[in-house]
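One chain, subunit A, links the two complexes that follow: it is found with subunit B in the first and with subunit C in the second.
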Partner chain A sequence: MATTAPPAETTTWSKEDAKAAKKRSRRMHRKEHGWAAAFMAAPVLGWVAFLLFPMGFSIYASLTNWNGIGKMTFIGFDNYVLLVKDPYFWKALWNTVFYMIGIPIGLAISLALALALSRKIRGRTFFRTVYYIPVISSLAAIAILWQWAYNGDFGLVNQALALVGIDGPNWLADSTWAKPAIIIMAVWKGMGYSMLLYLAAVQAVPRSLYEAASLDGANGWKKFTKITWPMVQPVTFFLVVTNIIGGSMIFTEINIMTPTGGPEWSTASLVWYIWNKAFRNLQMGYATAMALVLGILVLIVTAIQFRINRANEFSID
Partner chain B sequence: MSLNQNTARAASRALAGAGEPDHGNKAPKVGVFQRRKGATQENPAVNVILTIILSLGAVIMAAPLVWMVSTSLKTKDGVYALPPEWIPDPFVWDNYVRVFQDTYVLSGIKNSLIVAISVTVVGTVFSSLAAFALAKLRLPGKNVIFIALLSGMMVPFPTLMIPQFIMFSRIGWVDTLLPLIIPVILGNVIMIFFLRQYLHNVPDSLVEAAKIDGASYLKIFWTMILPLMRPAIAAQFILWFMAVWNDYLAPIIYLNTPEKQTLQVVIANMNVQYATQRDYPLIMTASVISVVPILIVFLIFQRQIIESIALTGSKT
Partner chain C sequence: MRKIKAAAITATMVGALTLAACSSGGSSGNASEEPDTAGGTAANQLTFMFRGGDYDKLAYQAAIDAFEEETGAEVKMIITDADQYATKLQAAIAGNKVPDVFYIEPGKMMGYVYAGVLADLTDYVGQDVIDNIWSFGTDAYRFNTETGVRGDSADPLYGLPKDVGPFGFGYNTVLFDKLGLEAPSADEPMTFDEFVALCKELTVDMDNDGELDHWGTGLNVVWNSQAFVWGAGADWISEDQKTVTVDTPEFAEALQWFADLGLVEGVTPSVEQAQTLDTYQRWMAGELGFFPVAPWDIATYNEKAETDPENFGYDVIPYPVANEGDDWSTWLGSLGIAVSENSANKELAAQLATYLSTDLEAQKILAENKVQIPNLIDYATGEWIETDAPAAGWPANTKAFLEIAESKGRPLPGVWTYTPEWYDNFWIGIENVVDNGSQTAADFVASKQTEMQSLLDQSWISADQAKVTG
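And then the complex of A and B:
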């Protein structure tokens, strides 16, 4: 990682020599150190002021009963006890996890699209652009658009379903269909991004691998499972990690499409609930506790994924 | 097998029609060696089927957006026409006049631009300076600093939003654009990460030589490193700009006064306000306006953006 580290010529020296040399080099490079520190100052300052400090403050605030303005009353772990007993917290957590069903679905479609677009198909650039446009569109605008598209009587979705003879539900007003509705929209919006990443990965697979496999008589499916899938695995890993982190923060579409948390609270996500508790009900202490739990959950899930990924790692030269 | 392929190619030629003269013609005449080569060659029939599937998919991808534009040109009642009107009758351009006169869209655009431009321009300078220092300059413990910065990517914004809100409310910055600018203007970890990675391809000796020539560090950065990094910076810059432009959660927390809100909050509030008046065309007009500038930027810089995204995947 550290390419600027001096080469390991210290091996022939004694420890004292090495120490002295280090000191000498430190003195010699003092000016450089100063500039390097200055160049890094802004992000480091931002890190301390807007990450480290708020984190510390959060930990304390989560142990208090506090409305954000008045006095903070220390109540120990009461907020966390409350949280464990709060059915809304569990419901919101369940909803948030449920939304993640969209991740494997989206990735499967994206990979299929990438495989299709890696072939010599006319209008590849056109398709690529069309599939990517929802990604760059603002989520707020897209959520508004889909909220209307899901309208039971006049919405675009049910109009389209009627063409094939399906009588669609009143999506967002139906506690069974509200979550799937949001998942479909999220898949539609995010697909283009995963597709582009997969496309780059698929195109980077050496052709010789496929040729060798063909000579050995491998069929298309075999080639996919034994060559393509392992070769795009780093991208899959990256996408799963970022999608889970992103998915755990799902808020905008929930708040715009179902401002009250959906029928029977069926769409409320964890971040939506935290936001409500903090900025509508002014239960800052409790909301902070939930936010910390969210952060820790994300951290644990990410760590597990890295662990699994390391076990699956391989390399080809 | 070669027979199947032959018929398939003929079929595809027929399907492709006169409009696509060179489709399927790239393959040379089927000969003795064709079969062996054919193992890695694409089956044209499959390509035709894929093109059909991709086209259907493209319709699904584009339909809602086309509908958004179409609705923005309708009358209030036109929205409820059954079957849906794809081409508005009559065309109502007035929505685009009303949206600037009667709503906060204009101030929303202004505020969004202020935030997005200041954050990305200044933030890019900070990020690239830090990336330069992290990749090419000597500083004991700089890798620890880098890891610490990276760890910030693991912390979701919702975990930080409450304490940050309290901090900014204490200094009276609520309902200003500053809380949206200050925490992010100091540098973007993702950008630092990619630029640092990018600079690893630049030989250290180049920097050392410049130092021996007596160039100051700022000068090395400005005349050598910055031009080298330009393509990477451009791509990251655009992605960042889009992210800031489209942000919703942070602005909704801080901004209460309508004329101080960013565009995304303005249109979300319009969605609530005008839905009760059943004025969907106006809401859709505002949505179109929020999407179009980014769309234009994307279409102009498409190649760079796509390359940069592809890079994202390969650097993991």
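And then the complex of A and C:
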């Protein structure tokens, strides 16, 4: 008997004991859980306070007639209807989209620079620093300098073009050339940042892949297209996404270089238009509607990019 | 799950970057450095939010010290960068932290009054005080909330002037002497023809190298065409502020004349030349005969005249008019001092606003340092114009500034309407008229009329809505 099942009391005790132990453990971890919850609550609260609430507020504001200082009057979707009919909204949106041309150009130049500067060449640290300086320089100061550089008569850009026999346009005063002028400036300003990220990505590509490719007789172009380019794709994806988001919010350079929106409004970006509507023309409700449409457009474009990127994902076994 | 994760990452990324962009554009400091703009709560506490340079601070500190001593009040000064002031004030209002006393632009006044932000100061400011301020300085802050009419001396007063800023016209005295030209009259305006004739004489190649060294003038159309359009009897808007009037023949003629200064007469630097060294710099370098002169320029112009007397000297004259006998005018700016409707100490705040606008010592400091002409008529037209202004280095014909403040000054178009969008629209495409001449002024104004009128109508609709909703 003694060797068979343990006495019933023992079983009962064990259950209680387990329960008590669990209770003790729960009590012991309660404090820990509390701290964990507190740590988790901080970003959640921050997200609610600084993202969710403002977004909810913005959505409501976009449905109101609001001058930004007085009371809001709910008007349904009137602001959105107005937006569809507003030629300046479409013009500003077109200008903003046009500025995106600079993204692939900038990335191509950055990658080329990164490839060049990843080689052991003389003065590469110097060049890396030089290319990065615009990134850390004040955008306002840079915009003013480029304004001078773009001068039609004696500007640096046209002087350089004159050396090769090209009679440069009056960049910022010409409705055809004002947007390209701003794109060139933006590419120059952002190039160093993209270059640095590409540089890190290029240097992280395992050498063994190139060695294997060499053994298989691959030339430089093949190595670039089959190894380097796919390997730096995550960085390209990151840069495209962030550049599109950043590019859609282009404002400072427009406001400084062409404060009235440029010749025939050719440089007015959407954020510049939104800012004018909100703070100069007391149409905060309408401006918020435009801002939300811009946000949604950026969200859609970014989501499409994520989808395309997923389709192109690969891994090295 | 992956889709949700991707969507969440996307949304967070977009949101975070949007927020980052907004914050970076808004302020140079971090949030913890933002001063509390809320009005004082204790019986004697006031906050005063303003923008300005060192001299403004110096003058207002003197006025506030005197005010504190006289009333026992405690005034907290909040000074912001000029380019951030309007945005910060709007944020303070939206956040219900309105300072007791603050600067207000006359162009934004209507919205603020309808929103119940501004206190009616009519009963707090004595008639004797008002009578001693330039009428434009007070009329710019008067507003009839029922009719939407601005500038009528019988309407409620929602602010007092920090200053009135006459946008005068001047000439380079040294260049005139150098070329042996007779100086323009300090009292009588030139006609447009006389002005062009003089400009032609001023446009010369001094060293015969084939390049012009001096020009008659070089005027930015956005800031300088008003005086010439008004001088030709035209205007952007009707007196009741309800009809856009740019499509009149006299308007088109005046604008074409202005454009032809560069395009036909060739008396201004070309667009490219103006871009290389803008016309302000060329004026300072002694290359232009005529250029605007305003009180805020005086200190810089004096310094230039002192350091480069061989090329630069200046004085103020009336703006040219189309025909002999026409009345000249120019625009007159202003910045106001308003009181919060919800101030816990409204009467004391109104007293402070009055002090800041009219304290003699503060006015003396501001005028002595060439920040502004005095607001006080008795001081400006007496002791100041007779002795203080010449002693401080104001130009010989400073009385032209006083004349503008008294009777020749007008608000910029768009300042007295609910929003200036209709007026801003006029400048879109103006380069086709004045820079490259691809469009005539007549075609341009005809093409602008409908759109500007529609925006003006919208401005009135918005004003009516604001009147109802607050």
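In the analysis below, the second predicted complex is superposed on the first by the 277 of 317 C-alpha atoms of A that agree within 3 Å, B and C clash if a C-alpha of one lies under 4 Å from a C-alpha of the other, contacts with A are read in each partner's own complex, and residues count from 1 in each chain.
Simple rule for what comes next: contacts are C-beta pairs under 8 Å (C-beta built on N, C-alpha and C of every residue); 3 or more make two chains touch, one makes a residue touch a chain.
Being a predicted model, the structure only gives us computed values, none of them experimental.
Trainee: Mind checking subunit B and subunit C on superposed subunit A, clash or fit?
Mentor: clash
Trainee: Based on the superposed arrangement, let me know which partner A:Thr260 touches: subunit B (first), subunit C (second), both, or neither?
Mentor: Touch status of A:Thr260: second partner only.
Trainee: With the two complexes superposed on chain A, say which partner A:Lys23 touches: subunit B (first), subunit C (second), both, or neither.
Mentor: Neither partner.
Trainee: One more residue to check, A:Gly68. First (subunit B), second (subunit C), both or neither?
Mentor: A:Gly68 contacts both subunit B and subunit C.
Trainee: Return first, second, both or neither, reflecting whether A:Asn281 touches subunit B, subunit C, both chains, or no partner chain.
Mentor: The second partner, subunit C, only.
Trainee: Any idea whether subunit B or subunit C touches more of subunit A?
Mentor: Touching more of subunit A: B.
Trainee: Examine A:Val298 and indicate which partner it touches, taking first as subunit B and second as subunit C; both and neither are also allowed.
Mentor: both
Trainee: For A:Met55, is the partner it touches subunit B (first), subunit C (second), both, or none of the two (neither)?
Mentor: After superposition on chain A, A:Met55 lies in contact with both partners, subunit B and subunit C.
Trainee: Which partner chains sit in contact with A:Arg122 here, subunit B, subunit C, both or neither? Use first/second/both/neither.
Mentor: first
Trainee: Which partner does A:Phe306 reach: the first (subunit B), the second (subunit C), both, or neither?
Mentor: second
Trainee: Output check: A:Lys226 vs subunit B and subunit C. Expected answer is one of first, second, both, neither. What do you get?
Mentor: neither
Trainee: Subunit B: which of 150-158, 204-212 or 294-302 bumps into subunit C?
Mentor: It is 150-158; the other listed stretches have no clashes.
Trainee: Where on subunit A do subunit B and subunit C both make contact?
Mentor: Common to the two interfaces on subunit A: residues 47, 50-51, 54-55, 68, 154, 245, 249, 251-252, 279, 295, 298-299, 302.
Trainee: Once bound in the complex, which stretches of subunit A touch subunit B?
Mentor: Touching subunit B: residues 1-4, 26, 29, 32-33, 35-37, 39-40, 42-47, 49-51, 53-55, 57-58, 61, 68, 113, 116-117, 119-123, 126-134, 136-149, 154, 156, 159-160, 188, 192-193, 196-201, 204, 207, 210-211, 214-215, 234-235, 237-238, 245, 248-249, 251-252, 255-256, 259, 271, 274-275, 278-279, 284, 287-288, 291-292, 294-295, 298-299, 302 of subunit A.
Trainee: For the complex, which residues does subunit A have touching subunit C?
Mentor: 47, 50-51, 54-55, 65, 67-73, 151-155, 170, 172-173, 241-242, 245-246, 249, 251-252, 260-261, 263-265, 276, 279-283, 295, 298-299, 302-303, 306, 310
Trainee: Spell out the residues on subunit C that touch subunit A in their complex, using ranges where they run on.
Mentor: Touching subunit A from subunit C are residues 2, 6-7, 9-19, 21, 25, 86-87, 90, 93-94, 108, 111-112, 114-117, 222, 270-273, 275-276, 418-421, 424, 427-429, 431-432, 435, 462, 465-466, 469-470.
Trainee: Going by the contact rule set out above, which residues of subunit B touch subunit A in the complex?
Mentor: That would be residues 20, 23, 26, 39-40, 42, 46-47, 50-51, 53-54, 57-58, 60-65, 67-68, 79-80, 82-84, 126-127, 129-130, 132-140, 142-143, 145, 148-149, 152, 154-167, 169, 183-184, 186-187, 189, 192, 200, 204, 217-218, 221, 242, 245-246, 248-249, 252-253, 263-265, 267-268, 271-272, 280, 283-284, 286-288, 290-291, 294-295, 298-299, 302, 306, 309-310, 312-314, 316 of subunit B.
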